[in-house]
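See the structures that follow.
There are two complexes below, and they share chain A, which is joined by chain B in the first and by chain C in the second.
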Partner chain A sequence: MRAAVRGRARLLALLGLPAALLGLLFVYPLAHMAALSVRTVFPGAFQYTGAHYAKFVSDAYFLRVTQTSFALALTVTVLTAAVGYPVAYYFVRSRSRHKHWIFLGVISPLLVSIVVRTIGWTIVLGNEGLVNNALRMLGIVREPLALMNSFWSVTVGLVHVLLPFMILSIASVLGKIDTALEESAAILGAGPLRTFWRVTLPLSIQGVAAGSILVFCLTIGAYITPWWLGRGKVLLFSTTIYDQILAIVDWPFGSAAAMILVAATLAIILLYFALIGRVARR
Partner chain B sequence: MSSDVQLDRVTKRFGDVTAVSAVSLEVQPGEVLALLGPSGCGKTTTLRMIAGFETPNEGAVRIRGHVVNDVATYRRNLGMVFQHYALFPHMSVFDNVAFGLRMRRLPRDQTRERVREAMALVRLAGLETRRPSELSGGQQQRVALARAIVTRPAVLLLDEPLGALDRKLREQMQIELRALQRTLAITTIFVTHDQEEALTLADRIAVMEAGEIVQIGTPTEIYERPRSRFVSDFIGVSNFLPGKVVERDGDAVTVQVAGLRLRAAGGDGVQPGDPVEVAVRPEKVRLGTAPSSDANCVAGRVENVVYLGAVTYYYVRVTEDVRLVAMEQNQTPRPAHAVGETVHAAWEAASALPLRVAAQR
Partner chain C sequence: MKILGWYVAAVLAFLALPVLVVIPSALSAGSTLGFPPQGLSLKWFRNVVDHPEFLRALAVSVEVAAASTVLALGLGTLAAFAFVRYRFAGRDVLQLAFVAPLVFPAIVYGVAMLMMLTPLKLTRTMLGLTLAHVVITLPYVLRTVGATLHGVDRRLEESAQILGAGPWRTFWHVTLPLIRPGLIAGATFSLIISFDEFTVSLFLTGPGLMTLPLEIYHYTEFTIDPTIAAISTVLIVLSVATIMAIERFLGFERHFQV
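Then we have the complex of A and B:
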C-alpha cells in the first residue's frame, strides 16, 4: 500500500511537469481547435456543422495544397535519408581523430538562423545567383532559370535544415551495430553490397524510420522556410492554415484544415510504422 | 607446399605500433593450431589478417598455396566463430546458418539439407525457427559453429570461441569442439589466452609475445620444454631458481643456485658461466620426510599450505633466497605436510630445465 503510493509519487515527480506542459500547451489548444472546427461561426452563436470539412475536401484548391504538402514532405524525407545515410555511416565508422569536426559540420545548419540560411540560398539560387551565372557563362542557358520561389528551392532549403535530424537518428542506431556482424557476413561470402542490403540496412532501418518520421512531421509543419524560399508561389498546408486563421480570420475553417492535417499525418505515420516493422523482420 | 595456411614474415603496423612483427607459420590440412598469448600480443591481429579484415604491411598470407593479401574476405572461403558469436539478430537460427549457403547461391533444397545436417552436428536440431536472442549462451555458440562449418570452408577461424561461457560449459564445449573438428577434419586456427583451452584443443600451439611467435610446437613440447621463462610462465606454473651454470656434460647441466648445486637437463646450449633460471614444474617436485636418492634433493621448511581439493600446493623455503612450490595429489583425507614441518624436496634432473636469462631489452 505504502509502496504503491510511493511509486505513484515518483511517477508524478517524473512525468508531472512534462504532462502539465503538454496538456496546457498542446492537448488543450488541440481540443479547443477540434471544437472550433465544427462551429458554423466563431466568434458567434454555438451552432455546429461539418460544412468546413466538406468544403475542404471538395475544393480543388485545398486538395492541390494537400497534394503539394505531402509531396514536399515525402520528397524531403527521401532526400534527407539518401543524403544522410552515407554521412551517418561515415560519422559512426570513421576512426578519424577529427570526428568532433564532422559532428559540428553535421549540426551546422541548426546553428545558423533561418534568415541567414535563406539569404544564403538566394545567393546560390537567385536570378543573379551562383548557379545561374555559372550556367550562363558556360552558355548552357541564355535567360536565368527560375530556381527560386519553386517547389525545388523549398525542398533544398528544408533538406538542408532537416538533414541533422536524419543523420543523428541514423547514426544513433548505426553506432550500436557490432562491426563483427558485418565481418561475419563477409566471412560467409557476402560482398559489400549484399552485406549492406542483408545486414547493415535491416539493422539500422529503425534509425531511418525515426529520422523519417521526424523529418516528415517537421516538413509538414514547416512554415517559415517554405514562406521565405517559396514566396507565395508554393502553397502548402501550413501556409493555408495561417492564411485562413490570421489573414481571412475564418477560425472554424482554419481549425478544420488543421484537424485534417493532424489526422492525415498521424495516419501516414501509423502506415509507415507497419511497413518498417515488416522490413525489420525480413 | 601442401599447407592450408601459410604466413610468410607477416608484419602489421597500426600507426607507430607494430602489432605483429614478421610472423611465419604453417598449418597443415586437418591440423588445429592455437595462437596463445596475453592480450595485446598480436594473436587477434594475426587471425584477422588470415580472415582478411586487416591487410599486412609486409609479408604474404597464403591459403591453400595462393597469396590472398589482396583477396577480399568474402572470396576467401573461410568460416569463423566470433568472440561474441555475431549472430544476425534480425534472422532466425535457420536463416543465420543458411546465410553462407545463400551467398553461394546453393539451390533451396540443398540449402535446407545442409542446414539440417549442420544443426544435427552441433546437436541443435529443432531450434531452427528461434531467434538468436531466445537461445542460451551455449546454444548461440553452437549456432555460430554450425553457421561457420555449413559452407565447408577451407579454414575455420575461432576468436576466443569459448571465452564468453562459464567454466563448466566451457570445458564441455572444448571436448565437443575437439570431437567435431576430428569428425570434419577441418583445418582450424584459434586464438585464446587460456592455456588450458590451447592444451585441450590444439595439435600445435604458437605462443605469442609482443607481436612475435616465441615458440611453436605440440602441447607437450611447449609444456615440458619451454624455450623461455615467458613461455614456461604463461603455460602452467613454474618454479624459477636463478643461478649460474658451472658444468656441462652432454645434455646434463650443473647449476649453482645460492648455496645449492642442482642438476638439470637440456637448455638451449647454455655454457658454464651463463646466468640461467632453472625452471621446475610444481608437480615434478616430490616432498618426503627423509632425503631421497634423486639427482636433486634439498631440505626446507613448509611455509604455507594451499588446499585445492584434488591437489595441495606446498610453499617450501629452502634457503634465505630460494623458495619452492610443490604440488601433490591428495591421496589421503588431509594434506600430507603441515606448516612448519621440515621436508625434503626432490626432483629428477630431466624435470629441471635451465633457461637462459634474457638479456635486458
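Then we have the complex of A and C:
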C-alpha cells in the first residue's frame, strides 16, 4: 500500500510538468480555438452560432479550395507510392554494398532545410532554371515554360519531401515478409511477375496503406511548400486558413476552417484504421 | 535487380537535385537565380554578410532552438521515464497526446497559439516562440529517449542500489550514461526541427522578431537573386556537418525505425 502511494507520487513528479505543458500549450489553445469557431464575433460580445461552418461548406470558393487540396493530396499520394515502392523493394531485397548510402539518400530531404529545398526547386523549375534552359538548348521550346507557381510545381516539391515517409513505411512492412512464401510460389511454378503480383504486393499492401495515409494527411495540412512553390497561384485549404487569420483577420471563421481541416484529417485516419481492422480480421 | 538499381539511382538523383543545383547557383556571377550559373564569383556570399537582418534572424533561430531543446530534453526525459517505467490508467491516451504534435497540421497549431498568445501579449516574443517550439520538439525527445530507455537493463540499476547507491546516484552514474545516445539523438532532432520550423513561427513572429527561414522567405518576396542560394549553401554545409556528427556518434538507421 505504501509502495503504491509512493509509486503514484513518483509518477506525478515525473509526468506533472510535461503534462501541464502539454495541457496549457497544446490542448488548451486548440480547445480555445474550437470555442472561437462557434462565436459570432471575436473580440467583443457574442452569441454562439454554427454560421461559420455553414459558410465554409456552402461557399463556392471554399469548396473549390477544398477540392484542390484533396486533388493535390491524392496526386501526391499516388505519385509517392508509385515512385517509392520500387525503391523500398530494392532497399529491402538487394544485397547492394551501398545500402547505407541509399538509406541516407532516401531520408536526405528530411535533413535538408525547407529553405534549401524550395530554393532548389525554384532554381530547377524557374524561367532561367535547369529544365527551361535544357529545353531551350535542345531547341524544344523557345519561350520558357511557366513551370513555377503551379499545381505541378507544388506537387513536385511535396513528392520530394514526402517520398521518404512513403519509402520507409513500405520498407518496414516489406522487410518483415518471409521470403519463403515467395520461394514457395516460385517452386509451384509462378513466374517472378506473378509471384510479385499475387504474393509480395498483397503482403506489403499494409505498408503502402500506412505510407499513403501519412502522406495524404501531411499534404492536406501542408502549408509552406504550397505557399513557397505556388506563390498565391495555388489556393489550398491551408492557405485559406492563413488568409482568414492573418490577412482578413476573421478569427472565428478562420478557426472554423482550421477545425474542418482537423476533422478531415481525423476522419481519414479513422477510416484507415477501420479498413485495416477489416483486412486484419479476414 | 540491375535495372531496379538504375531506377533507384534515378530516384536518389531526384531527391538530391534541389541540393545539387543550389551550390553552383550560389557561385554565379550573374544576378538572376538560375541554372547553369553564369561565371564564377563569391559576391553573393558577401551580400549575405552585408545584410544584418540575416545575422539577426540567425541569432534568434539559434537562441530559440537552444532554449527549446534544453526544455524539451528535460521535460521529454521526465515523460519518457513515466511512460516506459509505469503502467497507469490513461497511459495510452496520454502518450498519444504527447506525440500528436508530430502529425498535427502545423498551420492549425500556429493559428491556435496565435489566438491564445495574443491576449497575453506573448506574440512576437522569444518566450512565446520558444514555448511553441518546445511542444513541437518534445515528441522527438520522447521517442528517442523512450527508445533507449526501453533497452536499459534494469538489473544494472538494481545492482547499483544493492551496492548502496541512492536513487539520484543511481540515475546519475548508471541510467544517465545508458540513455545518453537517446539524449544526443533527441537533442539533435530537436535542434534541427526548431531551427527549420516555419509554419508555427510564421504566426508568432513579426517585425522585431524573425527567424532565419522566415527572414529568407521575406527576402524572396521582393528579390530573387543568388543571395538566397548562398545562404542555402551555408545551411547545406551545416546539415552535412550535423549528419556526419550523428552518423559518427550514433549511426543513423537505428534512430529511424518506423
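Here is the rule we go by: the second predicted complex is superposed on the first by the 239 of 282 C-alpha atoms of A that agree within 3 Å, B and C clash if a C-alpha of one lies under 4 Å from a C-alpha of the other, contacts with A are read in each partner's own complex, and residues count from 1 in each chain.
Methods note: contacts are C-beta pairs under 8 Å (C-beta built on N, C-alpha and C of every residue); 3 or more make two chains touch, one makes a residue touch a chain.
Quick caveat: nothing in here was measured; it's all calculated off a predicted structure.
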Partner touching more residues of chain A, whether chain B or chain C: C
Which superposed partner A:L130 touches (first chain B, second chain C, both, neither): second
Which of chain B and chain C A:D178 touches, first, second, both or neither: first
First (chain B), second (chain C), both or neither touched by A:A51: neither
First, second, both or neither for A:V41, with chain B first and chain C second: neither
Partner chain in contact with A:A186 - chain B first, chain C second, else both or neither: first
First (chain B), second (chain C), both or neither touched by A:R194: first
Contacts of A:I107 with chain B and chain C, given as first, second, both or neither: second
Partner chain(s) touched by A:A247 [first = chain B, second = chain C, both, neither]: neither
Overlap of the chain B and chain C footprints on chain A, listed as residue numbers: none
Contacting residues of chain A [partner chain B, same complex]: 178, 180-181, 183-191, 194-195, 198-199, 202-203, 280-282
Chain A to chain C touching residues, read off their complex: 7, 10-11, 14-15, 17-19, 21-22, 25-30, 32-33, 36, 83-84, 86-87, 89-91, 93-94, 96, 100, 102-109, 111-124, 126-130, 133, 160, 163, 168-169, 171-172, 214, 217-218, 220-221, 223-224, 228, 238, 241-242, 245-246, 251, 254-255, 258, 261-262, 265
Residues on chain B engaged by chain A in the complex (per definition of touch): 51-53, 72-80, 82-84, 86, 88-90, 99-100, 103-104, 147-148, 151, 157
Touching residues on chain C, where the partner in the complex is chain A: 1, 4-5, 7-8, 11-12, 14-22, 25, 32-36, 75-76, 78-79, 81-82, 86, 88, 94, 97-98, 100-101, 103-109, 111-116, 131-132, 134-135, 138, 192, 195-196, 198-199, 202-203, 212-213, 216-217, 220, 224, 228-229, 231-232, 235-236, 239, 242-243, 252-253, 256-258
